[in-house]
Amino acid sequence: MSEHMSIAQALIAAIADAMAEDPMVCLLGSPLGLGPQRMLMNGLREAHPDRVLDPPTCEAGNAALGVGAAMGGARPFVDLSTGSFSFLAFSQIVNEAAVAHYMSNGKVRVPVTYHTLEGVRGGGAPQHSQNVHALFWNASGLEMLAPATPADMYGLARSAIASDNPTFIMGHAKLLGLEGPVPERKAVPIGKADIKRRGRDVTIVAIHLMVHPALAAAEALAKEGIDVEVVDPRTLAPLDEATILSSVAKTGRLVVVDEAPLQGSIASGIAGMVAERGFHSLKAPIQRVARPDAPVAFAAGLEALLVPTAETIAAAVKRTLSTS
Amino acid sequence: MTKPQTDDLRWKLFETMLLMRRFEESVSRLNEQKHFTGHYHLYIGEEATGSAAMACLEPRDTITTTHRNHGHVIARGADPGAALAEILGRAGGLNGGRGGTIHLCDPALGFLSTSGIVGGSISMGSGGAFARKMKKDGSIHMAFFGDSALEEGVAFEALNIAALWKLPCVFLCENNSAEAWAPGSGGYTTLVHAAHDLRAIPAALGIPTTRVDGVDVDACHAAIMEGVARCRAGEGPVFIEAMTKRWAGSAPLWPELSTGVTDLRMATGEASTTGEHHAWFEHDDPVLRLARTLLAGAPANKARVFDMDARVRARMAEAEAFAIASPSPAAATLLDHVFA
Amino acid sequence: MTKPQTDDLRWKLFETMLLMRRFEESVSRLNEQKHFTGHYHLYIGEEATGSAAMACLEPRDTITTTHRNHGHVIARGADPGAALAEILGRAGGLNGGRGGTIHLCDPALGFLSTSGIVGGSISMGSGGAFARKMKKDGSIHMAFFGDSALEEGVAFEALNIAALWKLPCVFLCENNSAEAWAPGSGGYTTLVHAAHDLRAIPAALGIPTTRVDGVDVDACHAAIMEGVARCRAGEGPVFIEAMTKRWAGSAPLWPELSTGVTDLRMATGEASTTGEHHAWFEHDDPVLRLARTLLAGAPANKARVFDMDARVRARMAEAEAFAIASPSPAAATLLDHVFA
Amino acid sequence: MSEHMSIAQALIAAIADAMAEDPMVCLLGSPLGLGPQRMLMNGLREAHPDRVLDPPTCEAGNAALGVGAAMGGARPFVDLSTGSFSFLAFSQIVNEAAVAHYMSNGKVRVPVTYHTLEGVRGGGAPQHSQNVHALFWNASGLEMLAPATPADMYGLARSAIASDNPTFIMGHAKLLGLEGPVPERKAVPIGKADIKRRGRDVTIVAIHLMVHPALAAAEALAKEGIDVEVVDPRTLAPLDEATILSSVAKTGRLVVVDEAPLQGSIASGIAGMVAERGFHSLKAPIQRVARPDAPVAFAAGLEALLVPTAETIAAAVKRTLSTS
């Protein structure tokens, strides 16, 4: 039975369903930020007062708590609040959670899920607007998810909690209120990209929040007769390279969109991967659409200049068509 | 602990505290009028601490502060117009609109960093003090932080470093958690600490500690002055905990001017303090408290109090006008100042 | 504090401590013989703490430990051959050669994590205890860590969490900084803490603390048993500080078997303890100390002591042979276990 | 007068020279690791007992000390020891040091230098072998340096200490003992790549330690008549894209080498940049040579399989020549 939900609702539903099924699932912190969605926590708190906890403000300690609890048999969902705060827990995630399974020769399992609200949120200024996915992307052993729709959020959050690996769900402050259908309450497999729109002329790989302006760009371009395919990797690590490569094999043109600063963005990394593995398919330069390499200014006018939009994405699509 | 203050100092502090208060009332109004959006924090109820602290510092001293910085920046002498403009994200702002409410920062006034990362101001504070020590000129550093900062391990690390190296740092903890709500009750994050007494933490590291009534500006000034003197004398860091009740308007996640625009007639008895916030008006509002002290047994002071307030309000009206008139930062400046 | 222990327990602990000691002597020898390279840490001198601690735990209890883990893993019952093979980076190692000396870890024995990141074991320890508490079966967690771990803020954070939520965690601090060198003198990193007494840190958070002579196995066992009982009863965490002198061989940056292969005749008086390490042999070597206790007034025990040692040595000889014969991990396994 | 030095000596010489010139330069920690080079610290300690300090083991606190001290007028050089320990200071570097100048509208300056010994060091196992440069690369406002020779170490360390920006020097445990000429004690400009070997057929961009196997590969290939150009960016951020692009414009073929895991490596990012900005020069797929996406095993045999070598680099060069 299809439901209609916001991404915030989908996340809470996933946590609630997982908690109902497994008494070792617990929630540390509140993943819904400062906006109106945060009220959705109330039901969860009431249903599981001893499994929904408000930890102190100490991201490293909370992340370590999650690692240890996961190793000890719990399935903690640890919220790290605003993206940049997850940097305080970098060592616990990258040095501890991500390597424990490998380092123990497969003996230790770390079924912890982390969640953060990253990205340019509106008035966040540099310290509350960091996109963090690109900075964790090089860490081997960490599953990284970036759901852009309620159905993907529900399904990937279920997979994350069920996964025996440490998993980092990248939430986005601007996505929480986004609504859409959740056709079925079922898990979405980790590591599988989703083609959000089929097309023949150009491939856009857009991650996370950027899926939406990419789809808008595709609609606008369709009116001009340009048929765009929009690929949403959904899982950033491990990346579904095959789906991206086969789309590029079909279209021959690639635009990669990421809200993060360009240098070291996932847009750049995916472009590099295709320049190696899909080179012969390419008919034109890959276009990377990302933020300029600068912190995010507080002033709304400056902030708006920084982030990719349907217009800048559409322009990049046209660049792949004009050069040959 | 409380030493009687000179009247001159009291009047000076009163003017500063009034400016701080009227500034925050402007911020609240401008937010209601949608001149800016996003999360912000008001310093109302904590003016005694910040004004006293700034009165103890010299121009060459340095400061780090937090998301709840407006009061500190104003008390240290920042132009209220530029500060308001910054909160509005305007080109005329203290930081050209790049920082906003959480990051008002003017190095010309000794501010090194205004960080919204909890634990930032205290940990960078040890660094500020380290630089002061290298200068060997008797200057000191003051780090402002909230009670929750002591939940962050880096705060503990910074206290350890300061204690080990006898850094000239006044660690000024503004504990506003009394009567605060908490996330579970839909409120703003509040202290989650197993330490019943936060002073035990610096004390474990051998740092001398004092606790002071953060509403009593005389007491704040005396305690902070003593700490500052110790630092200046090269005796190492001190930890001062200033206790305030959480101002009702800062208890929910999003601030509200729930106690209304401050009516100084509450200090003279000409306006009623009854109602929900009675206790706050009577005991916990540092501005009203100091006004009462100044007025006590000196009816002649009444005119001075109200004149001062009128001047402060006029200054804030100008500041508001400046801020609202200030243009947005030019698009062409977007990528300036990524690197020095 | 010290309760007299039963003779049975003493003998059990003695056998464990002998195995720990002979194990480390093997490690040192294999390193000298270049069977493995890279930095490593020996547990010599701290055997009383680790053996006593493990004797207080039940099989269902969990453990986190550090870079100085060999003794813990052996005392908990890991196969010495597999442990040695791990240190040599062999396929037959406890972790297939992927972890090496710093990361010996066997979850089947309750080890959750053996982390070389200072502060790791204590902070993940609160997590281990959290999982124990969720299980609601009276099981507990024990986190081993060195004194320097308390320099890391995350340790403070973990203590706070454990105190707040009354997590069943024994925080066992093995303080080996007495008589340690320091980087400035070309030595191994040692305690850099403004706290004169590390117990003040957990105490600030309301956690009960005990300090115990880490060389006296009876005292260690009694203190740890008391702490374990408290945790099991659901009364929240405890902090135990076991004090040892830094074993001379661990004072320099790279360990050396400077006190030589342990000669149990030093406990009977048949071998001399004179020379540079006299005080250590007489007072600070927990193995010799327990041997002396067992022998005191019981000459008949002498044969049992030496027989036990012979058996332990024979076991270690087998373990060494196993480890050396174990092949290197197969290249084809390189990318196994990145993900579960 | 040309001197001959190890990289360790060059680093200590740079710090010593900077300390002699400026009384506000100070050193927190010891940047020479556990090997024999660490003895070089003795002279520095003796010369400046009050400016060479051993801080506690608290990387976040030490990094914050550096930020604050730099803002307050000092020029601290903060050693973060082994690469992975720098993750404990991630927030101080990325959330505080890197954004302060921008956020203050250019009013605050943060002349702090960080240093770490990153990379696969031999027996480091996962937690002591992390390459960290790729994980910081997306942080805007941070200068990142990766000197591969004594002359570059001396010159870049001087530039780092003199820079008014926060600067992160990536040292490598395996590079410390590497010796070479330091023709002059002078600063090397930040942001300028160096062509370590000129050639016409294929461009190798190799970073950090990888410059050396890349040069070895070039020598070996020269014997087969393949003329390789080796570009060493030296500065990772801001990256000298122009030098890389003009080399690719000449050769038409690109191999990028990085010791970090492939996903999210700087190799991938540079490949992505060239796939956009140098696409029309490319005659063959870009080849990325990096570690597989896995933690570094302790066992020497496994460790050796992970890292790029002259042989794997040469093979990649040949792949760019065989495909067309």
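Think of it as A, B, C and D in the order they're written, each chain with its own count starting at 1.
In the analysis below, a residue touches a chain if its C-beta (ideal position, glycine included) is under 8 Å from a C-beta of that chain, and two chains touch if they have at least 3 such contacts.
Since the structure is predicted, the reported quantities are computational estimates derived from the model, not experimental observations.
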Centre-to-centre on C-alpha atoms, which chain is most distant from chain D? B
Hey, which pair has more contacts between C-betas, A-B or B-D? B-D
Using mean CA coordinates as chain centres, what's the chain C-chain D distance in Å? 37
Centre to centre, by mean C-alpha position, how many angstrom separate chain A and chain D? 29
As a quick test, compute the distance in whole Å between the mean CA positions of chain B and chain D. 42
Per-residue overlap in chain C, given as positions that touch at least 2 other chains: 96-99, 103, 115, 117, 151-154, 157, 160, 164, 192-193, 338
Residues of chain D touching at least two other chains: 55-56, 58, 60-61, 84-85, 88, 91, 95, 102-103, 125-127, 140-141, 238, 293-295, 297-298
Within the complex, chain B is touched by chain C residues 151-157, 159-160, 163-164, 192-196, 200-201, 203-207
Within the complex, which stretch of chain C touches chain D? 36-39, 89-90, 96-103, 115-118, 148-149, 151-154, 182-184, 186, 189, 192-193, 253-254, 328-329, 331, 333-335, 338
Quick one: in the complex, what on chain B touches chain D? 62, 64, 93-99, 103, 105-108, 112-113, 115, 117, 120, 123-132, 134-135, 141, 153-154, 157-158, 160-161, 164-165, 336-340
Which residues, counting only chain D, touch chain B once they are in their complex? 23-24, 26, 51, 53, 55-56, 58, 60-62, 64-74, 76, 91-92, 95-96, 100-109, 140-141, 143, 163-165, 238
Which chain A residues qualify as touching chain D in the complex? 60, 84-85, 87-88, 90-91, 94-95, 98-99, 102-103, 125-127, 130-131, 134-141, 237-239, 256, 260-261, 263-277, 279-280, 282, 284-288, 293-295, 297, 323
